[in-house]
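Shared chain: subunit A. Partners: subunit B in the first complex, subunit C in the second.
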Partner chain A sequence: MQASTPTRPGTGRQPSVRSIAGAAALLGALTLQAQEGGQVHGNFSTDGQLYNDDEQIGATAPPQDFGLNAWGNLNYSQGGFRAGVRFESYEPALLGYPAGARYSGSGIGYRYASYTKDDLEVTVGNFYEQFGQGLVFRSYEERYLGVDNAMDGVRLKFSPDTGIYLKGVIGRQRFGFENGFTKGDGLVRGIDGEVSLTEAFPRAFPKWVEKGRNLTLGGSFVSKFQADNDPLLDLPENVGAWGARANYTTARWNLYTEYAYKINDPNGSNGNIYNNGQALLANVTYSTKGLGVSAGAHSYDNMVYRSDRAAAPFDLNINYLPTLAKQHTYNLPATLYPYATQPNGEVSYQGEVFYKFKKGTPLGGKYGTKLAVNWCGAWSLDTTRVMNDTVHYLGYRTKFFRQGDRQYFSDLNVELRKKVSADWELALTYINLVYDIATVQGKPGQSVIYADMVILEGLHNFTDRNSLRFEVQHLSTKQDHGNWATALAELTFSPHWFVAAMDQYNYGGSVETEKIHYPIGTVGYIRGGSRFSFSYGRQRAGIFCVGGVCRVVPAANGLTASITTTF
Partner chain B sequence: MKRSLTLLAFALPLLLAAQSGKLPAVTVQAMDGKKVSTSSWNNGGKPMIINFWATWCAPCKRELNTISEKYADWQKQTGVKLIAVSIDDARSMNRVAPYVNGQDWDYEVYLDPNGDLKRALNVNNVPHTFLVDGKGNVVWQHNNYEPGDENELYEQVKKLAGK
Partner chain C sequence: MRHHFIGVLAVALLAAGCDVIDEPDNPVPSVGPCTGNGSGARRVLLEDLTGFRCSTCPPAAEKAREIQSFYCKDVIVVAMHVTSTFAAPLNPAPGPFSTDFRTPSGNETITTAGFQPPNLPIGMVNRKVDGTLGTRLLQHGAWATATAAVIGEPAQFEVLIDTIVHNSVSNTYDFRVRVPVLQDVSGGYNLTVLLTEDHVADWQKDARYDPSDLFPYDHRHVLRDNVNGTWGQSIIASSAAVGDTIPTQYSYSLPTNVIDPAHCAVVAYVYRTDSYEVMQVSQRELGE
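Here is the complex of A and B:
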């Protein structure tokens, strides 16, 4: 692009529409792209859906009959300088989107400028950041889930020496969206330090350097401020939390542990109790060519930490409490009964093995065979209610990391994957699930679900550009909505086209329900960094999760169009 | 507000013409826990493939497993290097090393647990593949994966390597 006609920002627009001026200014900057090695890049994503009413599946079209989520990022960089803006539009937002506070209208959802000079980086405006694995602080986005707790304020990053990293953040968090992002009430402040020992002090650890071992230590402190306007309770206005972590690595081993402690923080989620909170997670992995093993455990006790005491579960989270449950990729296990972290109290364990039977061995055959076994279990924390505690309002007493007797979840799954000939690949998966739907999905009174799933996937290459992939999935359970069967076929014509058809069938089995089919067809076109797809049909109500966060998407019937592009 | 959308819609095709640019300098995490700047990524003047993936993304794993079978030949013929950037977050980043080794991959693997590099390269969804020339310029990209896409990618690699 040539540096030519300068765009006049905001000409002929109402002065009130500042976002347009902002967008125009950025587009103006675009035309100057060729100058001085500055670069402009960005992306664009839109999902539009035209809804039909469909009584049988309980789908109701919104009054507008239509939903649209769209956003575009523009980022400018030149040397150490970077600036960017995201324009977002929800006219109106798709049904079930976002996960938390409402998004509506169009405007600026994110904007920032940052400068890096030597070992110092300064960011003003919006930013995403995390300390360690996030037990005390994580600001992040999952756009397609509708989770965004971006900070709006200032961030400093400084590396005084090799292997030593310091960070400081201050600001308020993004809450909802109303012709622009809105912010939460509370102020969040945090500092973090990390040192990588063999990089910072190589002479002190000559053996480790020689053998490729390392130990990284980190610590953080976070504090939130929110005024106490409660007429009855004496609430702490400043709530501090600290965390410490260690990561030891060798060529084959990786040990990670993180601990977090939070002072009393009565809030809407914990019943306004004055207990302190703590969390511990530990994970160990061993891996070598062809073999990977991991084991992990964690305990969360009263660890809801939000910059507004009254915020709903998806809003204004300061910390991030990951679940150990595997995130499945097949439709039924991924979106029917996924597990979500219970931040008020949970003890959980997981174990996993990946193994490749080498080519030419009895089990490996001509092309090798891959095996994956994974297990995760989650329980309540063992607590004793404190009765008649009118002085401290502690709520309960507990012994740290002691498992309670209520099982929330367990998932045992085994997957075998094998290339059986030059043009055929097959994968067989078995999943056994225990799911306390009353706790995980907040549906009190519903009985625990025991389900078995079997999934067969096949991939056949007709030529080196055309292929057919199919999935047959079955879930059987005597609880909830009973049995489900799913069949999917996908024809691909590399590198541009694909056509897919899927039917999900809920036939109840031993459970008395209406037998319902959910057919849907999709056509897609891909070119470079752009992807266009169109679907028509029924979509089953589902739960979409990232991390410990899950969004419920209601059943829908209609036409969906999606476009994404990166430039 | 409709006007600004229209403005964006018109501006987009123009922007799409500008596909090249330098790889941005962003800090990611190596498998040994050390922080690494992408500005240190190089392949001695030969092309590099940067592939965004996640342990929870089926097509991503299909793509990297398919390329893995051919990777030794690709390297021998063109000297190309593949860097696999996992966008797994705290939930699943601990599964990356065992998975990668369990699959017997020979790629250089990095973690981008809070999406810093993903954002800097404007990736919407995974898998997303970038091809970087010997001078560090992003010269080609592809979103999505369909069986056979690896052939298209390799054609581009060969073109860059002058083979």
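Here is the complex of A and C:
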């Protein structure tokens, strides 16, 4: 699973207050006793924005001048029974939201009922599910991205014995929202099995049990059905994909690998070619006190897998292809040039080392020092076009996992974090970036971006309750819009209030009109499980990514209000 | 028992879940039913929303040509260049990518609710909302299926574009569009008349090539102007009966963005005002 801390363009990094509210929302849900043995709990969140026209940044207010996204969850549970419903409202949706098919109106976006008895769990209605890391199947929601491919159908989960887990799913996927969720045309069916060896067969692996080791093996098969009504193409109506995975764990090591294969699946994204698809990923991590090392690699070849072969990139995805790129949370690296997975073909590698210099050492000082070095690179797949192929329509040939000449992305980043005194903590980050914006953001003709970024973050605790956090960020590049600078200050008066101000300045543009300030101010109030915040200012156009999936966020100017609460 | 059920389910899924096609029996477009369905059957207006800076758009244009080759005169293609991201000029004339193919009607269309493209390329087949997807904006992989679903259906209207006469004195093109009603209809209907120009040589980005900037690229069926406004004119306010014919008359000066009048065509279509669905469409070249 990928980290999923959302950072939206123009809002800056707000981990302290956001994470407080997020933790409150997720973990601090106050449950009510509804009736004998039953519980009702839920949460609500809304983001509204009042827009202004702002010619300088290219922001245009919608005809309604206002946008609002709102979600309310209501869940009931009693014993093994659970049921829930989510009401959603987009009146209208915020500009640029969602990533894919349009959301409009108000209505039910998700509803389900589930019952567990004798190791069998039955879910009817909507559900989210994932097989392995999702190479052949992942149904999930990323709300601030505007991605929701919830299944609507039936799911069975069954554990016939200790350490053996079986799943079966069937249904159609959520597509858009028009006074209620709409579904795609294709039918999705899948099965998954997983065996945890030391759980299932402890007597066969006594030493592994003793030393805390385990090997988990899993396998999946997924098939989609969509009728072929295309007069010009002979299309497969049933398209299958299978995957196999293994995960070996010890106290310090974690080795994971997953392979997936997909049969011919001509679709709009691959140019209706009949090539098979395959994917392989492998990750290894080692961790001990004060030291963490990880390395990973993957190759994706023709792995777009959607329940509607004509769907747009964000819609009706059956599988999920994780990225190896680090998901930055600082504003400039997170929203200007984040990397998005290239499902049609990509070879990628990643490595990371984390080390903590102990207290009392020359580099550790009085409080210790943390150092993290991370690198990720992604390239095209080495392919050769098959010309004039009117028999097999393969499109291209490739040798699996062979890297092509075109570099899509490279990110080398070093973070040094140190507590310098009882009430001061500083973090210094350097990022070196290579970014093929023509491929990643679909801006053909634009040259590859070579950028360097330096970020200084500081936290000063005035008292136990009051603190100041600040960031100074600088990005230098000769390409695209040139240099950027960002300054952020955030005052927190625990436990209720916070105030933040941020300005982004694009001072390196080639023409005077590109030298633009993007100021924004925020004030917020937190009480219990509820959080209120109001922001006013400019929001820069940018890219918002979660786990290698990105959507474009348009420029905006106006007042934003956000409310979250749980009960 | 439960184990057996899951086993049977798994085997059934594996057996039924894969249609491997080693040699696809894809029909060659030129051997399709090129005679057309003739009068009385619905034709299709295929609008390709595109841009010369959109490097993934040429495959969509090729798909439109394939569909048109298959259905011949029953499919009328209009390439609408839209959005500042993909269609705004990059350089001052006469440099590469200096032509502005956008039109006021195209700009107005894509800012109207229900017509806002989430991405390019994208298109509309008779501007009909797909019943499953809930949108009229379809990825190009869906165009052929959407076309097949409506083409040849009994038409409510015919659209007849009479001979287009060039008036050399006023330098206008004078023509008449008549709309015979073939079925009793109720509701409001508009007639939109527009001008396209075929075979315009200009720059185009195409991600399939390296370098990706192509010149000269043959731009087909480029929307140049709307003769009677973005949304046309009302021809039926509430109802019409079989046998009625609605005549309209135009005296039109070509816009300045036209390069070669010999490559221009008039496209006229009737649509329902409540759903925007195009019910019938016709095309006539200026010199025809």
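Remarks
Following the convention adopted for this analysis, the second predicted complex is superposed on the first by the 528 of 567 C-alpha atoms of A that agree within 3 Å, B and C clash if a C-alpha of one lies under 4 Å from a C-alpha of the other, contacts with A are read in each partner's own complex, and residues count from 1 in each chain.
One rule holds in what follows: a contact is a pair of C-beta atoms (placed from the backbone, for glycine too) under 8 Å apart; a residue touches a chain by one contact, two chains touch by 3 or more.
The structure presented is a predicted model; accordingly, all values stated were derived computationally and were not measured.
Aligning the two structures on subunit A places subunit B and subunit C side by side, free of any clash.
In the superposition on chain A, A:Asn254 contacts subunit B only, with no contact to subunit C.
Using the contact criterion defined above for the overlaid structures, shared-chain residue A:Asn69 touches neither subunit B nor subunit C, since it reaches no partner. Of the two partner chains, subunit B is the only one that A:Thr492 touches; subunit C does not reach it. Considering which of subunit B and subunit C touches more of subunit A, the answer is B.
With both structures placed on the common chain, the touch criterion links A:Ser106 to subunit B but leaves subunit C unconnected. Using the contact criterion defined above for the overlaid structures, shared-chain residue A:Glu237 touches subunit C, although it does not reach subunit B. The superposed arrangement places subunit B and subunit C with a least CA-CA distance of 20 Å. Across the complex, subunit B is touched by residues 1, 13, 17, 19-20, 23-24, 27, 30, 33, 39-45, 70, 72-73, 75, 77, 87, 89, 91, 105-107, 116, 128-130, 133-134, 138, 140-141, 144, 163, 165, 179, 196, 199, 212, 214, 216, 247, 249, 254, 256, 283, 285-294, 296, 320, 322-324, 326-330, 352-356, 368, 370, 372, 459, 461, 463-467, 469, 492-495, 498, 524, 526, 528-531, 546-548, 564-567 of subunit A. Subunit A makes touch with subunit C in their complex at residues 100-102, 120, 156, 158, 160, 166, 168, 175-176, 178, 182-185, 189-191, 221-223, 229-240, 263-264, 266-268, 271-272, 274, 308-313, 390-393, 438, 442-445. Only residues 2-3, 6, 9-10, 13-14, 16-29, 32, 53-56, 59, 66-67, 70, 85, 90, 97, 116, 118-119, 122, 132-135, 138-142, 144-145, 147-149, 205, 207, 212-213 of subunit C touch subunit A when the two sit together in their complex.
Only residues 1, 3-5, 7-8, 11-12, 14-19, 21-22, 24-25, 31-35, 55-58, 62, 89-95, 97-104, 113-116, 119-125, 128, 140-144, 146-149, 151-152 of subunit B touch subunit A when the two sit together in their complex.
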